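Labels run A, B and C following the written order; every chain starts at residue 1.
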């Protein structure tokens, strides 16, 4: 991994839904250890963009080039499906807004965390369980609950479990879609603090979609503001939030409620 | 201390705010502004309220964009133009070269005061224990009671928050320091401590740009005044 | 073919020749790609789904007049299902039938593999209720097919992990997942895992038919069949403290039989042919009397 090569290079990515534009003309480089926030209102195309970047949706145009560990930069949509799926469950993580979409609710917390390990060939039960325990601790879940089903967990715990499940294979890039959406404020704060710590400590790169500017300020080094499928402004997080240039960003920033 | 080594060279700076949501109203803050700050110097920005002192400071830090001009900063043996550098370059300047103490602490939920202070060192890859030890020394010096160290500063008094902020700004011996009214809500004793800390920083060769409301502090730490005159507001 | 015994008006072995050709093609493909589930056009058979319609269609397609057929259900030759299917082929194909594993050229089975080792030239036909091993976690057929194609089988271990986490050991006792020829994950049909080792490198051809799910798959002779496990929880088969009450066998799969209302019970071989053969050789278990004594009624 070289500092000269971006981890993810996005070039003119666009996605149309028939006549409707999902997102268009998106280009940026994401560097190792960098967290990019994508903000915008509902329908601005930020989730469409995230889905394109994370290979869940094939873009109508453009390239998404990822600096793979083995072979260097490759367009993820020119990989074979098996290469892409392997990448998605080893070197990437995907944290969904609703933890119920990102967890297997029918199996225990430990199995949820261990699944990725088993998927890449771990075949020692004791080791897998130990690793699962370590990760539950890291995300502040009582290890005594390792055999409980996630459906018995609170929303905040489910979200933390989802994070552990994703990070267990030491991915280099994590996509997060509204990671704190739907959580109450105190739970949100805990999760943000945890995410912030993990990202710094593990040197993760991340793309975080959120409509919450406070979340963006706390997590992201850099911001991209989207409206109507277009990127209207991007730059350093505090610069975009403190000295917004585009009319829409100014509106967004001035619309925050102060407690 | 070498007072002939420029650390910041700002040339022909112009800054205008455009308020798109208020009929595109334009507010010009300054234009044609030149400022050079040498190592070991403490330049005090001087001018009435609303003249653009904080705006200039934030522009130097890369927090505000400038419309015209360049802001060159000596970073790791090379010049970086803060007005045009890429975000990751600006972050790297902030990590290693330039510290900023604002009037207000932006508290992070759940993070203890000690960790907030120690963070700049840890981010630079220094040992966590040593960083926390150093953070403790600074908090002690600034008379933040030890029982507060493990608490998140969101609930601290204004003065306490300010001191946490100062400790955080001074923990890493940045070659350049930007101080936006660091002594605003401090009592005499703490003001004296901060004054001493600023003098120590210029003493080790740091280039400092500061805004100080308090005349005593200004006189004690400032090596030079830089006048900022308010521009006529555009209609 | 002893035409005199067969039913008038039906084709040999009930199915029409076009259907047999279609099924034989599916079988050939299944043999060529061990463990891969080949879709086929399953026909309506004169018995309900779940009674072995998949197995019967395979048997009907591979049987010839000089075959000797054995049919077992849970190891027994004399249960309703086994008797009906055996009689079905005796009447529609006029083939010889037997209860002796050794004498059979074709064995259709539900839920067991005979204790006596099978040999080259024999064919074992399994009745399969649900062919897809990944179905428990992935309801979409498109997705399970993709998982097979890309060999994404790690998830199967999640199931075994759950077993150990919950019971301290792999508690799955039947239909225990196997990897065939180092490539395809396969459900062996609901045989006890006791029988899994017999599938490995078996000299006989093993064919699997799922009538309702319309899938055929196969394990050719001498093919590796590995039961999934963990390094620290290796695959193990069931063991009994008892031996067969009738023949004294200690190496066979035992059924528990309740003998009276007072809760008395005994363990007997589930493979009736094996048990009888042993008794004929003079082996006697703790409750056994003389050779030929009928089993306790269920």
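To be clear about the criterion, a residue touches a chain if its C-beta (ideal position, glycine included) is under 8 Å from a C-beta of that chain, and two chains touch if they have at least 3 such contacts.
Given the structure is predicted, the values throughout are model-derived calculations rather than measurements.
Participant: Which chain has its C-alpha centre closest to the mean of all protein C-alpha atoms shown?
Facilitator: When every chain is reduced to its C-alpha mean, the one closest to the whole-protein mean is A.
Participant: Report back the single chain whose CA centre is most distant from the CA centre of subunit C.
Facilitator: Farthest chain from subunit C, going by C-alpha centroids: B.
Participant: How big is the gap, in whole Å, between where the Cα atoms of subunit A centre and where those of subunit B centre?
Facilitator: Between these chains, centre-to-centre, one finds 32 Å.
Participant: As a quick test, compute the distance in whole Å between the mean CA positions of subunit B and subunit C.
Facilitator: Once rounded, the distance between the two centres reads 78 Å.
Participant: Using mean CA coordinates as chain centres, what's the subunit A-subunit C distance in Å?
Facilitator: Computed from C-alpha means, the inter-chain centre distance equals 47 Å.
Participant: Where on subunit A is subunit C touching in the complex?
Facilitator: On the subunit A side, the touching residues are 81-82, 85, 104, 106-108, 110-111, 114-116, 118-121, 123-126, 128-129, 146-147.
Participant: Quick check: in the complex, which residue numbers of subunit B touch subunit A?
Facilitator: Of all residues in subunit B, those touching subunit A are 17-21, 58, 62-65, 87-88, 90-91, 108-111, 123.
Participant: Mind pulling up the subunit C residues that touch subunit A in the complex?
Facilitator: For subunit C paired with subunit A, touching residues are 137, 146, 149-150, 152, 154-155, 157-159, 161-162, 164-166, 229-233.
Participant: Where on subunit A is subunit B touching in the complex?
Facilitator: Touching subunit B: residues 31, 34, 189-190, 192-193, 196, 200, 218, 221-222, 235-236, 238-239, 242-243, 245-247, 250-251, 254 of subunit A.
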